[in-house]
Amino acid sequence: MKIIEKTLTISSRTRNEMIDITSKVSSAVSKSGISEGDCIIYCPHTTAAITINENADPSVPHDVLLTLAELIPHHRPGYQHYEGNSDAHCKSSLLGCSEHVLISAKSLTLGTWQGIFFCEFDGPRNRRVILKISGE
Amino acid sequence: MKIIEKTLTISSRTRNEMIDITSKVSSAVSKSGISEGDCIIYCPHTTAAITINENADPSVPHDVLLTLAELIPHHRPGYQHYEGNSDAHCKSSLLGCSEHVLISAKSLTLGTWQGIFFCEFDGPRNRRVILKISGE
Amino acid sequence: MKIIEKTLTISSRTRNEMIDITSKVSSAVSKSGISEGDCIIYCPHTTAAITINENADPSVPHDVLLTLAELIPHHRPGYQHYEGNSDAHCKSSLLGCSEHVLISAKSLTLGTWQGIFFCEFDGPRNRRVILKISGE
């Protein structure tokens, strides 16, 4: 049982953005030498998230961000958090701060259309994503 | 440390549907011979999801699907994805494409009312769910 | 490879509440003696959830609960579940019943502002949270 941890650094450019990190995660898995196991993709921030969705057509992340913006407006009567980014905290809890991907035959077992996205909800900022790759 | 992977095949019959896969997952865990560990239930599709919720009363999945439909309509002004299934992609990211269940004494540690559901949001289709059972 | 399971007991006091369980989880991880690995925080209930978000300013959980209440009202025309808590089941599936946190150098790898919350959506009740700590 081997456990490898690696930190990715990400720079977002706008307030709300889904950044495709699939190739960075894939590359870390290849370099780990682990052939059967799994990879946790963990976001240590409370105004961002990790999600898996289609990365072939860029309109999919666009439509996900649009839906989140309509459901969770930047300013809502009743918000108490003084930093003015309550919407980002809500989106973070709804999408979740981590995803789990399986590793088989030394590569990520992603579906045909699946990509891994870092979701920025309070950018632009410099961010980190922690990968924990375990297996044999 | 033992790692067993198994693929389930699922056929959905309507566009939006929650299909109870608890017995299929339980059976795979029993056959694995693993007594202490965990099971990742992974959906490799971007218009479907995995969730855990009550499977005793079928009105619970009905009400979850109703809520998702009201929050995320099939057609929303501004959607750009040409396939017309942006709602399904959004629901997939909100519920998430995997769940993690613990294994103790050779069986799934589910709560009394918990069942595992494959959530179809763009059916009917033939789908796959990948189980990764690890432990000792 | 060591696997340790521990059950936390939690008493909620209102119908909707986010209860910070970070110190309980941290303490269980310290006592486990595991230095590199991960901890699954699993909620075996279908009207509650686990989430990770900011625990420094109590207005953040307030605003998350407010947003959930506005998106998913207690009573919605069309709900069929006879127990009258369909909203709680929906919130449970949206936030998810488990989270995964990494362990490095014998402690939880949480971000600076991250705390672990048990989310009650149908309280007050006595609840359980199962921790599964694995690693070396």
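Note that the chains are named A, B and C in the order they appear, and that numbering of residues resets to 1 at the start of each chain.
Note that a residue touches a chain if its C-beta (ideal position, glycine included) is under 8 Å from a C-beta of that chain, and two chains touch if they have at least 3 such contacts.
What you are looking at is a predicted structure, and each value in this text was computed from that prediction instead of being measured.
Undergrad: Over half of the interface residue numbers used by both subunit A and subunit C, so same, or under half, so different?
TA: Result for this pair: different.
Undergrad: Fit subunit B to subunit C on CA atoms, both being copies of the same sequence, and give the resulting rotation angle in degrees, nearest 5.
TA: Rotating subunit B by 120 degrees superposes it on subunit C.
Undergrad: What's the distance between the Cα centroids of subunit A and subunit C, rounded to whole Å?
TA: 20
Undergrad: Of all the residues in subunit A, which ones touch at least 2 other chains?
TA: Expected reply: 1, 71, 94, 96, 100.
Undergrad: Help me check something: in the complex, which residues belonging to subunit C touch subunit B?
TA: 1, 3, 5, 40, 42-46, 71-72, 76, 78-83, 86-87, 89-90, 92-94, 96-98, 100, 130, 132, 134
Undergrad: Please give the residue numbers of subunit C that touch subunit A in the complex, ascending.
TA: 1, 36-38, 51-54, 57, 59-60, 62-64, 66-68, 70-71, 94-96, 99-102, 104, 109-114, 135-136
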